[in-house]
Amino acid sequence: MSTDTRLDVRKTYKLFVGGAFPRSESGHSYVVTDSKGKFVANAANASRKDARDAVQAARKAFGSWASRTAYNRGQILYRVAELMEDRRPQFVEAVRQSEGATAARATKVVDESIDRLVWYAGWSDKVTQVVGGANPVAGPFFNLSTPEPTGVVAVLAPQESSLLGLVSVVAPVIVTGNTCVVATSHQRPLPAITFSEVLATSDVPGGVVNILTGELSRTAPTLASHMDVNAIDLTGIAGDDALATELEVSAADNLKRVRRAPAAEPDWTTDPGTDRLTAFLETKTVWHPIGI
Amino acid sequence: MTTTSTAPNEGTGPATGGWDALPDSFGDIVRSDASLSRFLHGLPGVDQVGAEARAASLGTRSIKTTAKEYAIDLAIRMVDLTTLEGQDTPGKVRALASKAMRPDPADPTCPAAAAVCVYPDMVATAKETLGSSGVHVAAVATAFPSGRAALDIKLADTHDAVEAGADEIDMVIDRGAFLAGRYKQVYDEIVAVREACGDAHLKVIFETGELQTYDNVRRASWLAMMAGGHFIKTSTGKVQPAATLPVTLVMLEAVRDFREATGQMVGVKPAGGIRTSKDAIKYLVMVNEIAGPDWLDPDWFRFGASTLLNDLLMQRTKMRTGRYSGPDYFTLD
Amino acid sequence: MTFDYAPAPESRSIVDIKPSYGLFIDGDFVDGHGKSFKTISPATEEVLAEVAEADEADVDAAVKAARRAYTKVWSKLPGRERAKYLYRIARIIQERGRELAVLESLDNGKPIKESRDVDIPIVAAHFFYYAGWADKLEYALPERGHSGENSRPIGVAGQVIPWNFPLLMLAWKIAPALACGNTVVLKPAETTPLTALLFAEICQQADLPPGVVNIITGAGDTGRHLVSHPDIDKVAFTGSTEVGRAIAKAVAGTDKRVTLELGGKAANVVFDDAALDQAVEGIVNGIFFNQGHVCCAGSRLLVQESVAEEVLAKLKRRMSTLRVGDPLDKNTDIGAINSAEQLARIRELSDIGEAEGAGRWSPECELPQNGFWFPPTVFTGVSQAHRIAREEIFGPVLSVLTFRTPAEAVEKANNTPYGLSAGVWTEKGSRILWMANQLRAGVVWANTFNKFDPASPFGGYKESGYGREGGRHGLEAYLEH
């Protein structure tokens, strides 16, 4: 027994939608425990309508986010990394509680997460040069292909890796100009919640990242079938073939770009490569005559 | 949907009923360099690649049998048979005039050319030979081909040619003035030469090879049409490139649009570089589909050419006899 | 007397159409197990040939042949050897260009000047282009890092192509697939199988190893068997959004890689400062090229109100010079509608356009008695709410809408579930670049339209599909990630 008799103020976390922290419209929340099953906090259990609102917020934010300069988006993401650095102890604690990691291990995860964000931030004004370019067509035409963001991306974040995994799936989506709705790890939402607090105090415009905690069964089908979502990343349901197939079928209704669920959650500590960065890009090719 | 369906004169301006009523309606436009510049630079631009693609595409029309016969005879009737050399002599001009009247001595059904085109000092000779044959005498005047002379000299040149009996005057514009933006000067010169022409028809040569851009060709076309030119003509034949299909395309669009705007028809004359029947037919297809069938007439379309005529005659003979002919069977004049 | 162009028919004696065709499997023409169907000339309704309809067993045989060829031969062949096969095919296509063009026009109904000057030359160019990649794949996708690992083929590709550009779509599918070391089973559309079957002969002529290319003919069922075959690693489809959706559902939960090139309802935006004569050509080329059977057709003309009347007058005059008729006549601008079914759809949507109050206009136009024909048609006074402004008609039918400001033009242009292509006409450079940024479409033609090149990536946003064909980008679909 602690000698401290002070009663904890228990926290009930909310969703992060459009830059604000609303409660779930359903009023539902759920208990988040640490890895040993001990109560940590209440989190909002996002509903279908919360998913809908989040998509609306993401769509609203898309145009201006996509039209910012790449340099500016890179600066903003780098700023997020700075803010995470400020909150290292809080992230370490969240990762410890969520993943049952030792302090040293959790610290390493946080460090890697921040570094990953910095790495992706730097891609903002390079990806166009790497994947785009001039095309030598057989005629008097200027012809240029450039990558553009796909639009609103639904991201089912990894269930296990609650911070490094989260950053690894969100950063490549937004750095290129997409906006997203993230369904977090159901059991381990705390790092995502802390991340949303970082985003709220950063320069990331409201709606660029929207974070929904809760059961995937409530939000994922809505996101997969939503006709105003342009793409979906199914990473968070790794190994669940039945659900993955169901969501992929729904996603086909408006020809969403689908990043399929892997058989098992990937090792997030390895070099990510450009795969996630290019998964949610469209190639636009512009022609113009060359003449006097 | 056939090529004969003439687009009616939709949305035309006032039909002023004849050339004499012309320039007034352009009063505000032609007042100064600035006003002319505003108007001419306000015309829709010409995209080079698009214009050339359109010309090339019309060039792929396949004109066969009856259509080819028609086109060849029409082309012969549109030829301004031309000699513009320092070495021109009365003998050369007489020979040319004879050829224009009877291009194929062996075939009396062969039509005559439209005109012979000579320097002013050869007009009298040409006229003497042509008499009342109906073949016109065209004279290049206004310090042809460069146009680099004072206005009074250009006008004197024109007067000389007209007095010697020229039916048509082919003048050159001052390209220097045009490129320097002195549009009013170019306009005034054309008006003055037109005045000096009296009853003779005026063709205005742009020397499109020196104007360089299709935008300039379109602007020059409107300038010349507003100034009262009866014909607009591509080239002197002394500068390369001379006539091309796309340049002619832009000019045909201009005369088409000018008629829509004013009701007035202006003729078009590509000159220089058109040597084969195949080329000539491509031009006629373009006339047909861009300006319209109304321009398929020697009064509204001419070829400035010399060697073209013999090729037309050879093709004509081939169509009639079924066998290929050779140069020995046609006169070299 | 007037200048009436006399008939100038291209001779069809250069093509030798057999009375019946089997399936091209494992390097040979074989009889199918299923029924057969007739392919006709849409210009005359004359039956050209009987063609085998591949059933499930035939599809399986073709996939097995492709798998064998993949495992034993093609994936093991050095890139430079694959390149030489493709170069060889490209050269044969050039040599037999006239024959291919005539056959394409016969079976498809498109004008010979297009099959001769557009389709077949680009087909050859496409094979030449990808031939050169076959031994340079490690340089193709530098963003994946330089290593041999990243230039591995995927395996067996199942490819389904439409009837609008039969041989060109075949080239877009087969050339990159083979260059990357994949083998293919390709199904041409049921109304236009003949050039694909002639291509099969060309593969034989080139001594391409058996099974590398398999051509199976048939309709929707054959296509379904192909894309759902468990031993297909990659599905490539060009066609309607409806079928694309079905394919995306069919492959859900599998490891099959998919690229889809689907429908469109492109806006062709004309500003008041445009080079109007060329813009009119671009409008005509945008919607009347290939009878409007073009997924990226500029089917919605958005014209700035201040020049709408002038543009429309010019457009109508220009349309009056379009020559509709015999696809084999060298002077034909607009050929036959590809099928009775397609003609019915065009008629239906056009009638709806009229019923919804849009003004319908076509030039006077004498259409042939037999065959499937539709005159070039323009609808004026169309609003975004009209079905003819939203649905893909896939015919020579243009809907004209107006706008006042650039922002309004963008809003209307993007107000569609499709996103394949768009056109912009203005002489102002900065406005072109602004528009190009704003338009949500995979291809933006500025001051031009309907240009295609093997080096230029092609493909859509949104419901126009995903993946790119053409250029370096086109290799991604056929290389392992």
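Before moving on, here are some points about what is shown:
We just call them A, B and C in the order they show up, numbering each chain from 1.
Keep this in mind: a contact is a pair of C-beta atoms (placed from the backbone, for glycine too) under 8 Å apart; a residue touches a chain by one contact, two chains touch by 3 or more.
If you're wondering where the values come from, they're calculated on a predicted model, not measured in any experiment.
Of all chains, B has its CA centroid at the greatest distance from the CA centroid of chain A. Between the interfaces A-B and B-C, more contacting C-beta pairs are found at B-C.
For this pair, chain A with chain C, the centres built from the Cα atoms lie 37 Å apart. In terms of their C-alpha centroids, the spacing between chain A and chain B amounts to 69 Å.
In this assembly, the C-alpha centroid of chain B lies 43 Å from the C-alpha centroid of chain C.
Looking at chain B, residues 47, 49-50 sit in touch with two or more other chains.
Residue positions of chain C with contacts to 2 or more other chains are 447-448. Annotation for chain A: residues touching 2 or more other chains are 139, 141, 289. Taken together, the chain A residues at the contact with chain C in this complex read 67, 127, 130-131, 133, 135-139, 141, 143, 145, 150-151, 230, 241, 244-245, 248-249, 251-255, 257, 260, 273-275, 278, 282-289. The part of chain C that touches chain A in the complex is made up of residues 125, 142-145, 241, 244-245, 248-249, 252-253, 255, 260, 262, 417, 432, 436-437, 441-448, 451, 453, 455-459, 461-466, 468, 471-473, 481.
Chain A makes touch with chain B in their complex at residues 139-141, 289-292. Against chain A, the residues of chain B that register as touching in their complex are 47-50, 52, 212-213.
Looking at the complex, you find that chain C touches chain B at residues 1-8, 113, 117, 273-278, 281-282, 309, 313, 316-317, 320-324, 330-331, 363-366, 375, 427, 447-448.
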